[in-house]
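I have placed the structure first, in the form of structure tokens, so that the comments after it can refer back to it.
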Amino acid sequence: MVGGPPPKIKEVCYSPASMPFDTAARILSHDALNSDHFLLTLDAPRMARASRPGQFVMLQAQPGRDPLLRRPMSVCGVAGSPPRRLQILYKVTGHGTRLLSRQPRGATLAMLGPLGNGFRLPARASRAAARRPDATRPRQILVAGGVGIAIFPFVAEALQRLGHRPLLLFGARSARDLVGLPLFGRGRVDVKFATEDGSRGTRGYVTSLLEPLLAAPGPRPSLYVCGPTPMLRAVGDQAQKAGVPCQLALESQMPCGIGVCLGCVVAASDPNAVPPYPRVCTEGPVFEAGSVRP
Amino acid sequence: MVGGPPPKIKEVCYSPASMPFDTAARILSHDALNSDHFLLTLDAPRMARASRPGQFVMLQAQPGRDPLLRRPMSVCGVAGSPPRRLQILYKVTGHGTRLLSRQPRGATLAMLGPLGNGFRLPARASRAAARRPDATRPRQILVAGGVGIAIFPFVAEALQRLGHRPLLLFGARSARDLVGLPLFGRGRVDVKFATEDGSRGTRGYVTSLLEPLLAAPGPRPSLYVCGPTPMLRAVGDQAQKAGVPCQLALESQMPCGIGVCLGCVVAASDPNAVPPYPRVCTEGPVFEAGSVRP
Amino acid sequence: MKKKPAPVDMRVTLGPLTLKNPVIAASGTFGYGTELQPYFDLEAIGGFVSKGLSLKPRRGNAPTRTCETAAGMLNAIGLANVGVEAFLSDKLPALRGKDTVVIANVFGETKDEYVAVARRLNGAQGLHAIELNLSCPNTERGGLAFGVSPVLIREVVAEVRRAAPDLPLLVKLTPNITAIGEAARAAADAGADILSLVNTFLGLAVDLERRRPVLDNVVGGLSGPAIKPLALYMVHKVYAATRLPIVGMGGIASAEDALEFLVAGSGAVQVGTANFYDPRAPLTVAEGMEAWCRARGIPRVQDLTGTLRLPNAREQETTAG
Amino acid sequence: MKKKPAPVDMRVTLGPLTLKNPVIAASGTFGYGTELQPYFDLEAIGGFVSKGLSLKPRRGNAPTRTCETAAGMLNAIGLANVGVEAFLSDKLPALRGKDTVVIANVFGETKDEYVAVARRLNGAQGLHAIELNLSCPNTERGGLAFGVSPVLIREVVAEVRRAAPDLPLLVKLTPNITAIGEAARAAADAGADILSLVNTFLGLAVDLERRRPVLDNVVGGLSGPAIKPLALYMVHKVYAATRLPIVGMGGIASAEDALEFLVAGSGAVQVGTANFYDPRAPLTVAEGMEAWCRARGIPRVQDLTGTLRLPNAREQETTAG
């Protein structure tokens, strides 16, 4: 489980003060990033203000009963100051997301959130530290697989506000799946790519990008990981071998998103842990690598 | 049942040649006529050409499985020459029509048709006859109750092409429900109103508008009726008492619209009729008054 | 996982019956076989089942006969049909020579009626099999459906078997029963060649404003996507209970749906309610199944039947809330 | 038909239990009563039922535990719960003094476990009733659910009745049975105060690509709007079979849904799966029911129970396809 965040971080990271709530959000824009990836911008001031990096919402895909259940979607980013708009980046993977992708600008969808614990963020870097070259400071590494990228623009922004310059390792099947990069703001993150077909960056998996970085001397980096389950396992193992702090953002089937159905659980690594089956929606979606078996 | 239409009428009225078919129609426009009545214009060239007055289509209310079944909707009119656009006028009465009313311009909906028999239309009036004052010719009277008006713009246009000037008797709860009149083309039909609250035309039901017309001397008028079941019964009885030809356009629950489910039946007046339970979708939706018990 | 496209053998053999592909149009949703000709050619699918046939013509229930529900519908048509004689004289001829399997759905209010209808159909030219609808109320036993009693199932199936020795016999099970496995075994013991399941689930719709049932018959049968998981479960149970080939159905509307029924144990499937909201559904399903197999290099669709791998022994007979 | 708005008496009395309104949050869909506080105040509804409680804590099934289906969902949580002791020490206190009816849902793998849990709950401060979940597999009888056998129902209900004499006893019936009326009579004879129904329907979901069940438990329980017509039918049957008050449920998501269950014979209703996709559902339903009654000048919601008018005697026990 994610250890309780140190006080200093509270206000930027997960704030228990922000109770989740249910709202009807209007679609401000809905853009196709490629044939099956979409960027959805919703008008949801309260939700945008309350959300923290790594948290998610339960979003209705279309009015009516099809699909019956809402879909969990990470908060990709918030815009406006104070924040008014909430962004969601999603991939069409089935029935619900296909219907969602047809929702026009102006339509309103029920949305519940913000939900889940979100990522534990590091302490604010002191002015002095912030001026020092990144190499001499614990590197904040974002590891994204496929549409797992959706969770990171919001995380990167928070890290930047904390005086860090995150490094993004982005793996996908091929170049066309490397979507969402403009959301990171130009020149404020370093990015390395890995594609299975080699169409961009290294041929292979993100793990091969990560390997040398974990081996390299200097302060231990800190990992934030989101992507398909096999990738979460692989990166989690790498990080533990290297003794590097690593937070995994999990996915699971989520009927309710609010902790009452017990449907979304993941097995704790220690069978005697309490609870033995933490809920991804409530104890997660972010877990320390090693604490659970994705 | 509707007697076989005389050959002369075939080409304008119901043509058995036009096989129904299934298509995906794009919404060209979707306008609210008032808080719960909508006018839908679909891009459906083949369907528009094939449709005859009194026929209907089975229209999907929104993509996906909610609602599961398509909704029967009368062809309100066709536009363009040759016809390309098909119009539907509908009222939100429940779950499906509510979802339909949210479908945006540009969306495509599955549509099956044209279905049903349609109205039997009179012979073309001879040049000479057409010049004679209407009073001296059998009057074509359209009797509409509420959203039953939806079926008549298409009928009126056909009658006009046949050299008739129809009379529309339009009844509704109150003035605000008297929608769709612009669809009849100005000055090409005579119109009388009846509203239950008296907010426009006579206070009361269309039957009270019809009564004097049936009593009046001169050639027997011919009635085309569409509206709520109680109205169909009342007008049907009036017409039979007066010995006036009267065609009723029925409604019923229609799972398939194509004659295979046997769900949409209405009882024949003669229990020994064959079939005893004609299908509204196939033997109808238009029946001679007296042949069935709506 | 993909191999390069190769032709897929879509034929399936279920006991005495061989179909060109596993898709059959379900009884009561496809009329007498000719009504959907405008939408696709009957020869494109494995077969079709007629509306249920009784000895004499039946007018059926008064309206209202159907009601839509969430992802499903209730029906109480009342088994309206033209009767077996008219079927033979007026309907069947139109289907002769069609290269598809024609199955007559049979029911009766008494055992004798089942037998009489079956005997009349036996040897009819152009008819390939009969399907016994056991969901019919038994007027001799207070209107309880034949299909809920293994004893009655044995009796009626055995006698029908004797009455129509020349026709492959499908027995269609009702799902409104605690242990469908027992019903399946009863039908198997009595000589069924093939089991088809499921028929509709008993349901009720209430007209709230009028405080009345929506259906004139009060109760009706639930069909459509809503029942798919229930039907899949029953196919799974029956597959474990007997070795008879199974024709599975219940909410099938896509190729994936149909393939799931194959994996759960069906040798073929029927498409019912989907015909109402997509008149080309059987064709779409058949074509989609072939495409799915081709994309995965599966040479024979038949090989998918019963391939469900159970992860653990401890399957529980519970809803395990 | 509309009269001028008058206050509506929303109280309903079911045997020994009186609720401020007919809406209860269903077991397993509302946690232990506090989880949904952010969305509405528990005191706004008639009551809530805890997650099923066993003698010892239960971890439940391994994931995958749920799967969405057409207008419904399958679940095989495996009755994970904190156990009766932790419920009494950690959960119940948070609910004390809340002006709503608190019901503990009870199950066991053996008759003795049912009895032990019930005895432990008897007299607990702030607990108003217990609900017996009969859909639990009986490990002594090959894992078949208690609820499918009238004999077992009689035994377990009678003993629980003795073990918890001070608490109103709701007995929750399983729908996976041929004749639910018999199960209802068995529970009534054995001393149930109230019958609640339905629990979930047995279902299966297939992971097509992997040829595996989606659920680790293989089978699961179907709930949600998909089952509403089936649940309404069973309430209708049970209402005819016994005179015990009924708490009806199955797919209720709106005030109209709930009112239909009242008309079919329920004295109160439970809202389950709807809580997952609309966390305010119980509140919306309760408020909507009151508004509906007010608009029609119905003074007491209680008066609607069992007002279904049957048009004709000849209700048929068939799907009547």
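Chains: A, B, C and D, in written order; residue numbering restarts at 1 for each.
Here is the rule we go by: a contact is a pair of C-beta atoms (placed from the backbone, for glycine too) under 8 Å apart; a residue touches a chain by one contact, two chains touch by 3 or more.
Given the structure is predicted, the values throughout are model-derived calculations rather than measurements.
*Asks:* What's the minimum number of touch steps needed to get from chain A to chain B?
*Replies:* So the least number of steps between the two chains is 1.
*Asks:* Under the document's definition of touching, what chains do chain B and chain D have as common neighbours?
*Replies:* Where chain B and chain D share a partner, that partner set is A, C.
*Asks:* Tally the contacting C-beta pairs at the A-C interface and at the B-C interface, and name the larger one.
*Replies:* Here the pair linked by more C-beta pairs in contact is B-C.
*Asks:* Report the inter-chain centroid distance for chain C and chain D in whole angstrom, where each centroid is the mean of the CA atoms.
*Replies:* It comes to 33 Å between the two C-alpha centres.
*Asks:* Suppose each chain is reduced to the average of its Cα coordinates; what separation in Å results between chain A and chain C?
*Replies:* Comparing mean C-alpha positions, chain C is 47 Å from chain A.
*Asks:* Hey, how far is the Cα centre of chain A from the one of chain D, in Å?
*Replies:* 37
*Asks:* For chain B, jot down the residues that touch at least 2 other chains.
*Replies:* 65-67
*Asks:* At least two other chains touched by the same residue of chain D: list those residues.
*Replies:* 28, 70-72, 75, 77, 224-225
*Asks:* Could you classify the connectivity of these chains, where an edge means two chains touch, as line, ring, star, complete or other?
*Replies:* Graph shape, chains as nodes and touching pairs as edges: complete.
*Asks:* State the interface residues of chain A toward chain D in the complex, per the touch definition above.
*Replies:* On the chain A side, the touching residues are 19-22, 60, 65-70, 110, 112, 252-253, 255-256, 258-267, 275-277.
*Asks:* Can you check the complex and tell me which residues of chain B touch chain D?
*Replies:* My answer: residues 65-66.
*Asks:* For a test of understanding, state which residues of chain C touch chain D in their complex under the given definition.
*Replies:* Spelled out, the residues of chain C in touch with chain D are 27-28, 52, 61, 69-72, 74-79, 133, 135-137, 142-145, 148, 174, 176-178, 199-206, 208, 210-213, 216-222, 224-230, 232-233, 236, 251, 256, 259-260, 263-264, 307-312, 315-321.
*Asks:* Along chain D, where are the residues that touch chain B in the complex?
*Replies:* Going through chain D, the ones touching chain B are 70-71.
*Asks:* Inside the complex, what are the residues of chain A that reach chain B?
*Replies:* Chain A residues touching chain B: 62-67, 95, 99, 102, 104, 106-107.
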